[in-house]
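Read from first to last, the chains carry the letters A, B, C and D; within each, the first residue is number 1.
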């Protein structure tokens, strides 16, 4: 049985053109799996446990049992086959968050005043780091964003083009925020994008599913990690053919 | 009773910081209400009527009776009070669509081969024009996009900053495609954005609502046109105060 | 004998990597040859004749006898061989120039107050148009800039990438302003650029030569139009070979 | 007596609008003063000494006796008055330089094959670091570029806008390459820019002066460090007035 969000896609008039992943031109993007949002003992996790216990239960369970394991499998696969891996993280350069947009600053201040908690941490704070089990290895760039979309505050566009990357596989959090906004911009600029359902997470299933519906309707593919890796594995077993150029 | 998508927002942990519109720093953005998608006698409308009759019924009814009238009221209000209005449109510069992304080109070719219809028209084609009832007036720029987000293929970022615009009101189509992607990038770059529910339209209510849910959860406000205009009208009746700067 | 600026390049330590033009991936860019700066009867030309007669003499002579003829030969060659041609123009969207940067607005106001002349005209003004003898033909996009570099206020980056363009030939005016700034950004983003000496013009030979020196030292090639067309012509006579990818 | 390049500016028709620095909205940008180009015992310095001894003499003398001391005085002044300081650096993310443009990669390979030397080092290499005497302090962001202009490969545009910066003071190297290209893009996007003559350096005086001429002719101011600091010091002694907004 298809997931409920898939039912809304039946009979959708203008789906994106289909594509098959070419491993040599594919990169895995791991979005913002930092301690502030993915370490169950600090920041967002504690904020949720204290103020949104039902959401905390859903979120921490999915994080531990679904999302982190799926990203670990993706990382294992991409590293084993020498495919490109890139990491993103989010947070201000400055302790006082002066480089965030005024609206983001006010959200931080609002949460802080109401609950004593902090959501985003600046680049030198240990809580800003990628969680240790997913830490980037040598040769895997970690790009610092101050925005949701990496295309709005990093050099990712040129970096991907110079690497010859045409296909992007998205994992991380939050699905409807930094993952979807970066993936939309990537698709809009011509990259062929796969959003990996089980490797992403949001605070609620409804927000997560709303992303999957609209991403699959207009921007690219939504896959389970196993399906996507099976496709890449099959492609890696085939003899290499002449380069087909962008988005063949 | 709240709309169903609003129910999913109850108890949402990290909503965007609230804001009030400052009319002098607010612009209305009318997104892609061109003949190819909003003239019931050509292109997308005919394609839907022939191949997706149930969607055609929903879409053309909402377009005629809800979306176009709402945009007309918004345009009337903004023009009456000398507030900024900008138009966007989408389509290739070239007849053969060589400047679209390969994936968009293949979508066009797929639809054309399967149905004989064309979705996007190049900039000099009459079907590329904004529908006559909403046509831009002198002093209302019309920016040509080749992408969904205006931030990915026009100079809208600098244009808005030099104009001193800090608040954006979004209308047009399709909700989950060009409207949401442009509004997400705008919000991500610091603009305070309102998505106007009744002034936007998608092929299905499910896709439209998925946008409203995630936009309100993370990026900005979702209002009905009357509510938003009432707020602007009230602000216009207040005596002007000293400029408060970005996003006060 | 080499031009004086070339003498300063002798023994330059880190010149850009050499390249040969591939016609199928080459576009001619005609920068800002609009009536405001290239019609001898209005705007800049009259301003120069009244207030800077020596510069007017140099500029109008070079424009009429060197630059315009060179661009006409380039256009003839590119059109004859069905190579890509793009036009840029500069000016505000608004009559009151509200979308120019404050500093550009103040420059306009300063000139206007001191001399009664206007330099830049808004997009709907006839003086904003490309001079008639160089007017764009069907299929030759005209991108509206509000800045010097097309990369700062138009969608030219994606447009060129989707077209498969990797080599750019620059002509137009002014050499040290819109031509050089656009060409620097293009080179910086990976395009292989040729600045065509005789097809460009500035107010003084010193400013023009300063551009040629630094462009050749660090960014790309500086050629005479005949040399560059001879290279393209030779390449067009060779049998096509398999695509070599970016910047081979 | 004016410097020779200043003589070419006499009678220049359209200089940029003048401006005075507002310290609270001013940032010092230190461009690419990394060991690869500013440590006399490695990389560029050794390459010059072995292959371009006359240039090495000029460059190392100016670096040691003019440029580094001027940047140190600027840093001292900005830090003493709690003004913003930002650092840029240049180099690839990858050891094999796969994320540089193909042309830059070929330049590196050409130099390496001909001389055994390497010019650019990847982000984790100690030679990529800013020279110790100018090292960034806490609260002074260091943005990693892979291009000459920071606007082409970092999030500097939004960072500066969110900080409320409207005035930029440029120092570092090389004058005609990363300094000028970043400063041109900054000026083109509306920032009021000062290029500090004695705080910048190129391989030759001719290349350096060509930048000063064209920057002063069209983009912004060229000052000596003492003149610029005197202006800032005077402004800091004046009582604060109401914010005048962009580029007043």
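Throughout what follows, a contact is a pair of C-beta atoms (placed from the backbone, for glycine too) under 8 Å apart; a residue touches a chain by one contact, two chains touch by 3 or more.
Given the structure is predicted, the values throughout are model-derived calculations rather than measurements.
Touching chain A and chain C together: B, D. Note: the chain lying farthest from chain A is C, by mean C-alpha position. Distance between chain B and chain D, defined via averaged C-alpha coordinates, is recorded as 41 Å. In whole angstrom, the spacing between the mean C-alpha positions of chain A and chain B is 26.
Note on chain placement: the centre of chain B and the centre of chain C lie 35 Å apart, centres being C-alpha means.
For chain B, the set of residues touching two or more other chains reads 101-102, 147, 152, 158, 162, 189-190. Those residues of chain D that touch chain A in the shared complex are 93-95, 98-102, 123-124, 138-139, 141, 144-147, 152-155, 158-159, 162-163.
Remark: chain A residues 158, 161-162, 189-190, 242-243, 245 touch chain C in the complex. Interface residues of chain A facing chain B in the complex, by the touch rule stated above, are 8, 11-17, 19, 47-48, 51-52, 54-55, 101-104, 106-107, 110-111, 119, 147-149, 151-152, 174, 176-177, 180-181, 184-185, 187-190, 192, 203-204, 206-207, 209-211, 213-214, 217-218, 245-248.
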